[in-house]
Amino acid sequence: MIEFEDVTKRYPDGTVAVDRLSLRIPSNEITVFVGPSGCGKTTSLRMINRTIERTGGRITIDGEDINAKDPVVLRRGIGYVIQHAGLFPHRTVVDNVATVPKLLGWDKKRTRDVAMELLERVGLDPKLAQRYPAQLSGGQQQRVGVARALAADPEIMLMDEPFSAVDPIVRHQLQEELLRLQRDIGKTIVFVTHDIDEAIKLGDNVAVLRVGGKLAQFAPPAELLANPADEFVESFVGQDRGYRALTFRQAEGVELGPLPDELIVDEAGKPVGWSKGGDELLPVGAVFHRGDSLRAALDAVLTSPVGQGVCVDDDGKAVGAVDQAILAGALRS
Amino acid sequence: MIEFEDVTKRYPDGTVAVDRLSLRIPSNEITVFVGPSGCGKTTSLRMINRTIERTGGRITIDGEDINAKDPVVLRRGIGYVIQHAGLFPHRTVVDNVATVPKLLGWDKKRTRDVAMELLERVGLDPKLAQRYPAQLSGGQQQRVGVARALAADPEIMLMDEPFSAVDPIVRHQLQEELLRLQRDIGKTIVFVTHDIDEAIKLGDNVAVLRVGGKLAQFAPPAELLANPADEFVESFVGQDRGYRALTFRQAEGVELGPLPDELIVDEAGKPVGWSKGGDELLPVGAVFHRGDSLRAALDAVLTSPVGQGVCVDDDGKAVGAVDQAILAGALRS
Amino acid sequence: MFEYLFDSFNWSGPEGIGARIIQHIWYTLAALGLSAVIALPVGLYIGHTRRGAFLAINLGNAARALPSLGLLMLAVLLTDQIGFLPVLIALVALGIPPILTSTYAGLSGVDAATVDAARGMGMTGREILTKVEIPIAMPLIISGLRGATLQIVSTATIAALVSLGGLGRYVVDGLKLRDFPQMFAGALLVALLAILLDLLFALAGRITVSPGLRRNA
Amino acid sequence: MTWIGDNLGLIWEQLREHLYLAIVPVLLGLLIAVPLGYLATRYNWLANPLIAFGGVLYSLPSIALFIVLPVILGTQVLSPVNIVIALTIYTVSLLIRNVIDGLRSVPPDVRQAAIAVGFGSLRRVLTIDLPIAVPVIFAGLRVATVANISMVSVGAVIGIGGLGELFTQGFQKDFLTPVVVGVVLSLLLALLADLVLVVLQRVLTPWARVNSPVKAA
Amino acid sequence: ACGGGGDPLSGDSDAGSSPAPDKVTSITVGSADFSESQILAEIYGQALASKGVEVKQQSNIGNRETYMAAIKDGSVHLLPEYTGAALDYFKKGATETDENAAYDALKGALPSGLEVTDKSPAADEDTIVVTKATADKYNLKSLADLKAVSKDMVAGGSSEFKVREAGLKGLKEKYGVEFKEYKTLDAGGPLSTKALLDNQIQVSNFFTTQSVIKDNNLVQLEDPENILPPNNIVPLIRTDHKSDDIAATLNAVSAKLTTDSLTELVKRADVGKEQPAAIAKDWLAQNPLT
């Protein structure tokens, strides 16, 4: 656990970037710092690996004050990923990933093996290992950055807007990969973003900061959407928060109705369309799985031309349908 | 009307960026080109002002082949706005806006008046007129870019990802302003983006391109969300399309239920919270206006702790409520 | 001129072209080496710490304005010596500014994010300098050395004005005697030497600069 | 020190000659380098050969050039024209790189926008590209000016060298004062010229002074 | 007469021939890169100026080979010269040892377009010197004595001394003297003096009017074979600037100059660091031309 106790950062020019911040960052989860530009996210993050030194308060990791440690040693045990990855342009991909193991003096073979394994882990083709960063796309670079930060198997990973420089589609992929990776590795990740959607998607907990470096709310994302602490958080969380909050409610509990007769399925049971009388078929609309969120279920209802959302199993076989009324019941409960 | 007839662009290195594109871009409306990176959006756009020359087919404006015109004359009659605005860094804001009038040799006074008027029109403080682009925020620069493109009062405006470099909040503002502006000026706007949300929000019509420069679908956004032409469009349009499609349906027609007794309002009739019995109040949740879309109404229902979305009038006075059941009826109709 | 160059008589002996070229290279390398020994550490220091940059850069630029001829003569008069020392002083004064400024420029041009990443992963100041900043600044460091070499090679000719050898001997003697072939030959050899050394540096660049830093990698 | 008082007239004369010999080539060099640089950005294949050729020219020893030019051009041996042309050659060879870099420094966005609003190409170069390239061109101009001021002195070896003549004269008489005066004045001259260029650049690029982005008004 | 263009190497190239003018209103006086030449040029110039001629000084041009190119292409019109050295320049291998013979030979050797006016009794001869220590060590009195020891000696001096008849060539031909090495320094300037005194060179070439010789106790070696020519001061002038008035003024100057006074003037410049113009002005004040 990383704990901020009354932490303050006042820059030499007098700017107070972080003001008496107190926060407990649980281990093995993703905690996201989110807030408008200049609210002190980066400053807060970098005080953890002491690339910025706090000017007041205390930061402890598992109870130990980080100031008691040699900063270089501290940093080697903390992974750090930033926008544009900050890759070393003069080193190949594999050498970039191997940076920390080399600093730690691991033997060559082990270093190389770890680096190659990590490349695979973050979804990079091992063929890219000998390339230089300039020869990679933005998304690939970002993956290398993550691999590099993971190389010494640190307990903690700090990530400062790592995905904000790539295009939305790639960003989406990277987010999914981070979640998948985290399921495997279970690190303590502190993630900074100014994108509330990203925060909600990735965070087990989200810390919303306001300008001046004050904590506005610290809560799991569902809670944030349902109960914004104040107007600032509410406006920051933005429109559609009700709809988005459905992301955190499982469709599992929804009672499925029977498959309507109008739904035409193929021999494998997969839905192909809604019969309209005659040969004409209406599109099925979006479908959802049992394990999906209520959001997916609602979207299935909304896209269905007949107001019935089709639920399918893992093979794509239609297993039932919900309509607005059923959903309303589920939502209310 | 701008018409593409079988237009092809093959770059000297053999890349076919646009492949037999046929399209009618209606006058006085916003037409958005959307598609993944490299699908030929920019190329298609720039063939219109001949900053890229097509290699096959024909492009006509109001029936006249653009190749029949002197490109310099053609360009002066077409506004062009790009990412980062492409402002001239060595000229003041007002001089930037006055670029085309100056090229056309208008007299000084008229040029200046037009420029100042345009600055106001795009929502810029006239005080900024004497600043240089580097002294403006990204959003302000983008506004100057729009004003510059409008200066000679062109019939056609080409906009290539104009808002993609600014942060989400400013982008949202700029989009709103563009829509407001377009209500006044009613230009023929061709707008390129890779963000489907932006396309849906701004476009009267949306052309979805796939890589290789082929047209996948050309339709108004509501149609696109409701009936994606194929899997590519469907996946590109993304999740939540059902929910997003509600944007195009007015909440006007929804029959409001009476205000529930549990809703506590202040003396002006504004909702302050839901009574829970005792003194404790639950938050109102999001509210919606009569003129809002069904999306807003649904979100109001979803955020309400009691499942009742509150509708308010322009003064913020609560005028009625809807619940899931009422909405379901409205949606089905 | 070519007659002069191809006359084998002119090539041998202590006053032959061969010997003069070796002298010229010696002056150049000595001056370059000394300039580098002075300018590189200073450039690296201010580039790494960003301290004293203003002063060092402006002094460096001012030093560019020192007239080599005047400096040379001043050095002779002040050291009260003729020979290598005053020439070395003048040439070193010429070599320091380009090396200093481009070393600094190279280091300060390293992307702040890259240095931040290096620090964040636990590199010490020295490791950041040697493993990150210097390799990335290498193209500019080399180009500073190239610039210095070019100037030193060409200016080393004036060493002949104060009695030293080197290819300047041909130029200066040619001037005094109005022996144009000799002078042309001298000038040509200087230019060729400059080009040769430049190519060597280009080669050194190829070897020491990571392919990842080349523009069209 | 009395020497200075006794020779103010002479010093003033040399200073003026020095300034003239150094500045005229800068202006001529600029006039030549700009169109050449423009051609090189227009026909890209020209750029590298031009820069390389400039490098070769720059490596020619200045004394040699000063003496050889009258032979090639048929000018009188003591004509200042020789110095002016030689230094113009150096200036062009230095500036060409900066002009090319400067023109290339125009952001593609800006160039795109200029084409799209309907600038003709000459007009675009004159009113958009060149002004934007001013900072980079001026960087080269400053180096060239300072280098010229230092190099003019070498002309003293053939009797036309402005302040350089103070060097040779002092040197012949084993007399420090004129050499020191010459070095100091030529340094001051260089710094002054540099200052003038800095101020001129500021005047020419009012937009570059304002680097404080003001958040939404 | 402008031009040049031709190969400036050919010593006897034509300087362009236009007839002597009746009246010359302006003239450019040149000088070599040593004090004596500059003082003489100033004396000529100021004398002519006092006669109403507009005078421009182009001082410190360089050595003979350089300033000769300048007078040939018309960059300058008048120069102080030395009979023997000039003769050697225009006519390689001339061996006249008598001062009048040398003067006459020079007149004959001049290319058309260049002339000399009357020579002065003042002379500044080339001299070959060693330090007192060297002279004592090897018992040197004459150039002939050098032959036995020159193999171990380093000589030094101007570039031209190395290739001239009145230099290494003559030493080798007439005395059989060959040095271990020759260092190119300057023509009796500070480099040569320093090098000689530091014993970096043992033999050098100076000029008799230089005060450094006496001040440092340098020993002038005798020249029995007369390889060092007589060197009377003589104005060298372009024909196109030699009006009668000008020639008369120059002749008057030449007549008044003496070796001793010249030595004194040179000392004022080299040791006293006075400017040539000031020295010339004093001399003209003390020696008014009629």
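A, B, C, D and E label the chains in the order they appear, each numbered from 1.
Note that a residue touches a chain if its C-beta (ideal position, glycine included) is under 8 Å from a C-beta of that chain, and two chains touch if they have at least 3 such contacts.
Everything numeric here is computed off the predicted structure, so don't read it as measured data.
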Set of chains adjacent to chain A and to chain E: C
Centroid-based (C-alpha) most distant chain relative to chain B: E
Among all chain pairs, the one with the most C-beta contacts: C-D
Approximate Å spacing (C-alpha centroids) for the pair chain B, chain E: 90
Whole-Å gap separating chain B and chain C, where each centre is the average of the chain's CA atoms: 58
Distance between chain centroids, defined by C-alpha means - chain A, chain D (Å): 56
Distance between chain centroids, defined by C-alpha means - chain B, chain D (Å): 51
In chain C, residues with contacts to at least two other chains: 76, 172, 175, 180
Multi-partner residues of chain E (each touching 2 or more other chains): 8, 62, 66, 69, 186, 190
Residue list for chain A, restricted to those that touch at least two other chains: none
Every chain pair in contact, whichever chains are involved: A-B, A-C, B-D, C-D, C-E, D-E
Parts of chain A lying in touch with chain B, wherever the complex brings them together: 36-37, 167-169, 194-195, 226-227, 239-243, 245-246, 283, 285-286, 295-296, 298-305, 307, 323-325, 327-328, 331-332
Residues of chain D touching chain B in the complex: 107, 109-110, 112-120, 128, 131-132, 134, 205-207, 210-217
Residues on chain C engaged by chain A in the complex (per definition of touch): 111, 113-114, 116-124, 127, 132, 135-136, 138, 209-213, 217
Residues of chain D defined as touching chain E within the complex: 3, 6-7, 10, 70-71, 74-79, 156-159, 165, 168-169, 171-175, 177
Footprint of chain E on chain C - complex, ascending: 14, 76, 80-83, 160, 162-163, 169, 172-173, 175-180
